[in-house]
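Each of the next two complexes has subunit A plus one other chain: subunit B in the first, subunit C in the second.
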Partner chain A sequence: MTGATTAKDEGFMQQGEPLAAALPWLEDARALEKPAAGWVNALRETGADSFAHTGLPTPRWEGWQYTNLRPLAKHKFHYDPAPVNFDAAALPAPLLADAGRVVLVNGQYQEKLSTLPEGVEAASLMEAAAQKWPGIEDQLVRVGDLAQTPLTALNSAYLKDGFVLRVAKGRDIEQPVEVLYYNIGAEKDAQAAPAIYPRALYQLGENSGLTIIERHMGQGVYLANSYIAAAQDSASRLRFYRFMAESGDAFHFSNTALQQEKNGYFEGFSSATGGAVARQEFRLLLIDTLNSASIGGIYLLDGQQSHDFTILADHFEEGGKSAQHFKGVIDDQARAVFQGKIHVRRSAQKTDGYQSHHALLLSAAAEASAKPELEIYADDVKCSHGATSGFLDPVALFYLRSRGIPVDDAKDMLVESFLNENLEKVSCEPVRDLYRAQVSAWLAGRRK
Partner chain B sequence: MPVTQETLQTVQSLEKKYEAGFVTDIESEVAPKGLSEDIIRFISAKKEEPQWLLDARLKAYRHWLEMPEPHWAMVSFPPIDYQDAWYYAAPKNTNRPKSLDEVDPKLLETYQKLGIPLREQEMLAGVAVDAVFDSVSVVTTFREKLHKAGVVFCSISEAVREYPELVQKYMGSVVPYTDNKHACLNAAVFTDGTFVYIPEGVRCPMELSTYFRINEAKTGQFERTLIIAEKGSYVSYLEGCTAPQRDENQLHAAVVELIAMEDAEIKYSTVQNWYPGDENGKGGIYNFVTKRGLCKGARSKISWTQVETGSAITWKYPSCILQGDESVGEFYSVALTNNMQQADTGTKTIHLGKNTRSRIISKGLSAERSNNTYRGLVRISGKAENARNYTQCDSLLIGDKCGAHTVPYVENKNPTATLEHEASTSKISDAQLFYCRQRGIPQEEALTLIVNGFCREVLQHLPMEFAVEAQKLVAISLEGSVG
Partner chain C sequence: MLEIKNLHARVDGKEVLKGIDLTIEPGKVHAIMGPNGSGKSTLSYVLAGREGYEVTQGTATFMGENLLELDPEHRAALGLFLAFQYPVEIPGVTTTTFMKTALNAIRKKRGEKELDPASFLKLQKQKTAEIGMEPEMLKRGVNVGFSGGEKKRNEVLQLAMLQPKLAVLDETDSGLDIDALKVVADGVNALRAEDRSFLVITHYQRLLEYIKPDVVHVLADGKIRKTGGPELALELEEKGYAEYTGQEEAA
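Moving on, here comes the complex of A and B:
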C-alpha cells in the first residue's frame, strides 16, 4: 500500500517533506488550558503529535497534488482562546425566516444568539464534554487516519471550540436549523491572522430527522479549519446543506465525517463560492447495512481561487447506496479539484455507488483536475463514475444567439442550465431556490 | 454463483498449469552475484561496449543508489534484495549465430515449446523475430529482407556497435535514467534488447516481434527497447514474454522507448505472460516496466496494445507524450489477475501539441484473491488547443475475494479541450451466464465467452496472430476461477 517516500517518479505524486513554516503553528496548542474531560486532552495530544510529525501536506502527497498550501505561508496564523468582540447586529440575517439558528463567531458557540426548534438541544463542545453527553467522546474521537489528514490533526490539537447539537430519538424536526460559522479576520495585508479551529457534532437519535443549513462566511484574512461530525443512529434522516462563502482572502478547510448506523438516509449538498484556497472534505461512512448517502455540490470560482472537493464514500456492510454529483464553473485563473473515492469493503455486497464530476472552463487560464477513484473488494456491486471537462458548447451558444439572445445572456443561460441539473437533486425546495439565487448572483457579479 | 463441491473439484483437476513453466537445461555464463560498479564494468566489458555507454551506466547506477523505491502503487511485496540476484546470464555457445542453423538446438526447442517456432515463422508467418534469452539476444530472423527495405532490426548491443550515433542520440531521451528507480536500474545494468530504426517513408514490410524469456534462476532481466520511426514511416511491433516456474521472485525491469517523427506511426503490442506464481502467491515475476512513447512530429501516432495475464506483480504504465500537433495516442489494455497476482497498470497521456487526440480503453479482470488496479493520468497542458481525450475503464470481478480499483487522474488546463472519462465495475451477470448455460454451454466455457466479449474491444486491436493467442491466454488464465 501507499507508504511514505520522497521520490517523484512516473508523475504520480507521493508523500513529501512538510512545509517548514507549518510547525510553529502548534505553539499555542500546548498552552491551552487543561480541560475537565480526559479524552479531550488525549485527543489534543494525539493531534499535536501527528501534526508535528507530518507538517502541512505538500503537492507531493498523494491526495494533495492539486491543492497547494504555499499561500498559507504568507501569514502567521495564531489561535486566540479569548472571547471575540463583535457587533451582533452586523451578523448576516438568517437565510430562511422560520429556521432555527446556531451562531458561532470565530468558532465560539454564541448561546445568546442561538434559537432552536423544540426537540433540538445544543451546547458548546466543552460544556457538552463536561456534562458527559452520551456518545460524544466516541463520535468525536473517531477522526480517521490523522497522518493522512494533517489539517484534522491540527484541529484536534486545538480541540476546544465548537458545539454539539442533538435531536432526540423519534423526533422529526421540520424546521430547518441554520448554523452560521462567522469568522472575523485580520486586514488584508496583515502578517498576523487568526486561526479558527471549530469542531461540531450533530447527533441524530434513532428514527429522527433534521435539516441543517450551514453557512461559512467571514471578513478579512483568517484560516478556518473545521472538523464537523454527524452521527446518525438507526433509521435517522439528515439533510445537510452548506454554503461555503468565506471571505475572498480566507483559507477554508473543512472535514465533514458522517457515520451512519442501519437504514440511515443522508442528503448532502454544498456550494463553493468563497475562500482563496479551500478544501471541503467529506467522509461518508456507511457503517451498517441498508444505508443511503448522497453528496452533491457546485462550485463557482474566479480570480485566483483554488477549491477542492475531496469525497470518500466508504461502504462497510451490505445493501448500501452512495452517490456523488459535482459540477462547477471556473473562470479567470481559478483552479478546481474533485477527488472522489468509492471504497467497497469485502462485506459490502449489493452496493450501488455512483460518482460524477463535470467541469466547465470559462477562461484560457482556468484549470480543472479530477481524480475519481474506485476501490472495490466485493463482487456483487454496481459502481461507476463519469468525469468530463470542457467548454461551453458552441452549437448551443450559436442556437441561442441565432434567436436574438445577446452572447452574454446566452452564456449565462447555458451555465445556469448546466448547474441546474445538480441543483435539482436538492430535495428541500426553499434551499434549492437559495442555491439558484446564488448562481444568478455570481453570474451577475461576473458581468460587472 | 452457486457451485457444488463436485464441480469445484472437477475444475481444479482440469486446471491447466502455467504452460511455459519449464526450464531449459542449457549451460550458461553468469556474472558474479550482486550489484556493484564492478558488475556493471563486467557487463559492459562482456559486451565490448564503448566508453560512453559504460559512463552512462555508472552515472545511472550512482543515481540509483540514492533513489527511493516508488510506493504509491496499490501492490505490496517484501523489500527487494538487489544483491541477491545475478545481473548477467547468457547462454554459452552463442557467438552471434548468423542464421538459425547455427543456433543451439536446445534453444530452438525452447522456443518451439513456447509456441514460437522461429524457423516456421521465418518460412510461413513472415514475422521477423528477435529472441532474447535471459540477458542476450539469441537470434534475429529475417534480417535480409528487412535490410533491403532499409529497416534496422537488431539487438541493442549490435546497434551500439553498428549505429552508435543513433543509440547515443535517442537512448534515454524519452525515459531518462532519473525517471524512476526501476528505469534507473535498467539504465545501469541493461543487458540486451531490441533496436528498430525505420527510415523516412518506409512502411516496414512485416510485423517485427521479440520474445523475451528468463531461464536462469535468480536472474533479473533488464532489456531495453528503442524504436525510432522516421518521417512518414510505419511499424508494428509485437512483444511476448515467458519464464520458468520458480519459487523465488524474479525481477524484470525493462525500458521501452518509442519515438515517432512527423507522420510516422508505431503500433506496439504486448502479450505478457511471465510466470505469475502459484495459487498461494509463491514465486513469480515482478514486472516493473517503464514504457513511454514520444509523438515528436506533427500527425504522428503511437498505439499501445497490451494483454497482461502473467507476473506476480505488474507495475506498468505505457505512456504517450503528444508533442507534435495533431498527434494521436492510443492505449488498449486487458489486464487479468488470478490467484494472488497484483496488477497496477494503466497509462499516462500528456497532451502538449494542438489538436492532439488520445483514446484509452482499459479492461481489468480480477479473480480469486488477486487485486487489479487501473491507474491513469491524462494531462492537457495550457497550449494543447482543442485536445481531445476519451477514457473508458471497465472492471470485472470474478469471485468475492478479489479487488478491482480505478485511480484516474484527469488534469485540464485548456478550456478548448474536451475530456471524457467513464468507468464501471461489476461482476459477470447471472443473467448472461444463465442464458449461455440454458443453451447447453458449460459454465466454464460460458465464462470464457462472456469474458472474451468483455475484452473484445481491446483484443481486436492486436495483430491477428496475437489476437488468437491472447484469447486462448485469457481463457487459460481464468480456468479454475469459476465460482
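Moving on, here comes the complex of A and C:
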C-alpha cells in the first residue's frame, strides 16, 4: 500500500493496450469541459488512463475476493454533467433540527440549499479549485495507487462534482453539519442509469473541531462512486458519522481517506443499511506523531444485499492509536464483508492498534466473510484483533421468552443488545440515538 | 395448579425423565431434592418449555391448560416463572428495559392494560427496595458484571415484578454465600401467598432452612422416589442420596 504517495508523484503511464471492457465506462468523460485548474485536468487524465488499463476489479483481485461487481453489468451507467432536475421540497428533512446542512444531488453541490454555521465555509469543487483554496490540490490528488483502486481511478476520470468544506484555524464548531448526498436514479428495470462521481474534501484547520453527519440516500438505480477526503491539520478534532442508506437497487462505492497531521483526533462511525452492492472503504493515514483515529460501524443487511467494509489504519510515526470496531446483522441471503488492516511502519513505535469484527447471522443462508490483517514493522507496538460470527444465543432467547417476551420481540432485543455495544462508541449522543432509531426501524421493517 | 402425570423426556436422545408424577396445590411450597444428574434441572426446563427438551410421554396441566403445547412466553403469561440456575447476561439492554418489556408483554397477553412508564418505574422502585437491590444496577445491562448473588437477587426481582402463579426455583442456592442465600429466601418468602405456589429445586437442605417447604420429594434417576414432609429434607442431609442411587455419595 502506498498510502501517502500521490498519483502525480508516480507520474506513471500504464503500459500495454487499454482493456476493451473498461472503455465504455470512460466514454462520457470526454464530454467534460476543461476547467481552469491544470491539476484537475491532469488528475482526470491519470484516472482515465489507469482505469483504461485495469477495468473494474474482479474476484481474482487482492481485496476483491468477496465483493463481486458483476451485478453492475445489468445496467449501462452514464455520467451527465448537466444540472440535475429535482424537487427540493421532496428531499429528506434534516436529521437534527439545529444542524448546518450541505446538499448534493447526484453529486452536484446545491449552494442554495446549504446553510453553514459560522466558521465553516463551503464551495463546489470546481469553484474552490478556481479560487485556488489553499491545500486542496495536494489533498485531492493524494489518492493512493490508482492501479489498486480502479473505482477511485474512475471517480478521478470524472473529477468535477462534489465540494470542499473548510473550518478555520482554531474554530471549534459545536453545531454538527449534515451532508446529504441524495441520488436520483433510473427506474428499477431500466437499462440506462446514472453514474455519480462526487469528490468531497473536509479541511480542518489547526486546532479546529467539527462534527459531520453524512447521509447517502436515493431512489431507483444508480451508481454512486465517491471519493471523500478529510485533511486534519495539527491538533484538530473531527467526528465523522455516516448513514449509508442508499436505494436498495443502487450501487455504492465510497473511498474515504483521512490524513492526520500531529495530535489529531478522529472518531468515525458508519451504518450500512442500503444498496444492492456496496463497499465503504476507509483509509486512515496517521502520518505524524500522537494521532488517534477510530472507526466503527454497524451493518443491517437482508434480501440479496452485499456490503463490504474495507479498512486500513496506517501508522507512520510514533505514539499513534487506532481502533476499528465493526458489528453487523445479516438476514436472508445477504452477505457482509469485513477486511481490516493495521499497518505499522518501522518508525511508528508505541503504536496501539485494535480491530474487531463480529457478525450475527439471522438466517442459515446469510454469509459473513472477514479478513483481518496486521502488518507490523516496528518492534514496540501493541496490536490485537478479534473476529467472530454466529447465530443468536438460544439460551438468551429462551431466557427472554421465559419472562413472557414474545419470540420476535426477544430476537429484536438480542439484536439490539448485540449492536448497542458498538453504538456506545459514538460519543455524540443525538447521533447515537439516530443510529439506535435506525436499528429499531430496520427491525420493525423486517416484521412486515 | 400444576399436575404432572407420567412425564418422560429426552435430552440429546437420552431419556432423563422416566415417569414423573407430581401435583402442586395453590399456596404450597414443594421442594425437589436429588443428586446431580437425577433430572432436576431437566424437569424445570421441560416445564418452562426450553428447546431441545423432548417430551416423549405423559402430560403436564397448568392452570387447566396443556402446558406442553405452549410456547415459553405463553407459559409465562399463564403464570409460570423459572428462576434460572445460571441467569443469562444481556449486554446493552438495561434491566429496566427488560423488565418493562416482559411485564407489559405478560399484561398484554392476559388482556390487561400495559403500564405507562411512570407507573412502571414506581412499581419497579418499590420492588427493588423490598429486595434490597441497588437501583443503580437497573441501569446496567441485564446481569452484566453482576456477582453470583446479585444475579440471583435479580431473578427474585423479576419474580416479584411478574407475580407468577407458580415459581420454579432451579438451584437458586448454588454459588451463594449464606448472606446472599438469606436475601434470596427473604425475597421468596415475602411472595408466598394463598394463590401462589413454589417448586424449589435443590441439591442441599440448606436453602430449605430458609424457605420452609410443605412437601419434599426425592428425585433420582428420572423418577420421584419418595415424598414426605420437611423432615425428609433433614433425613437426606444426614444420610445423603445413597439409598436412592445405589451408590455412596459425599454430601
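We adopt the following convention: the second predicted complex is superposed on the first by the 426 of 448 C-alpha atoms of A that agree within 3 Å, B and C clash if a C-alpha of one lies under 4 Å from a C-alpha of the other, contacts with A are read in each partner's own complex, and residues count from 1 in each chain.
We take it that a contact is a pair of C-beta atoms (placed from the backbone, for glycine too) under 8 Å apart; a residue touches a chain by one contact, two chains touch by 3 or more.
Here the structure is a predicted model, which is why all the values come from computation and not from measurement.
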Subunit C versus subunit B, contacts on subunit A by residue: B
Touched partner set for A:F86, first subunit B, second subunit C, both or neither: neither
Touched partner set for A:E367, first subunit B, second subunit C, both or neither: first
Touched partner set for A:H385, first subunit B, second subunit C, both or neither: first
Overlap of subunit C and subunit B interfaces on subunit A (superposed complexes): none
Subunit A residues touching subunit B - in the complex, by the definition given at the top: 1-7, 9-14, 62, 66, 346, 349, 359, 361-391
Residue ranges of subunit C touching subunit A (in the complex, touch as defined): 48-52, 71-73, 75-77, 81-82, 84, 87-88, 90-93, 98, 101-103, 105-106, 109, 141, 158, 162
Residues of subunit A touching subunit C in the complex: 393-396, 398-407, 409-410, 413-414, 416-421, 424
Subunit A contact footprint on subunit B (complex, rising order): 67-72, 74, 76, 179-181, 290, 317, 348, 375, 377, 379, 382, 395, 397-427
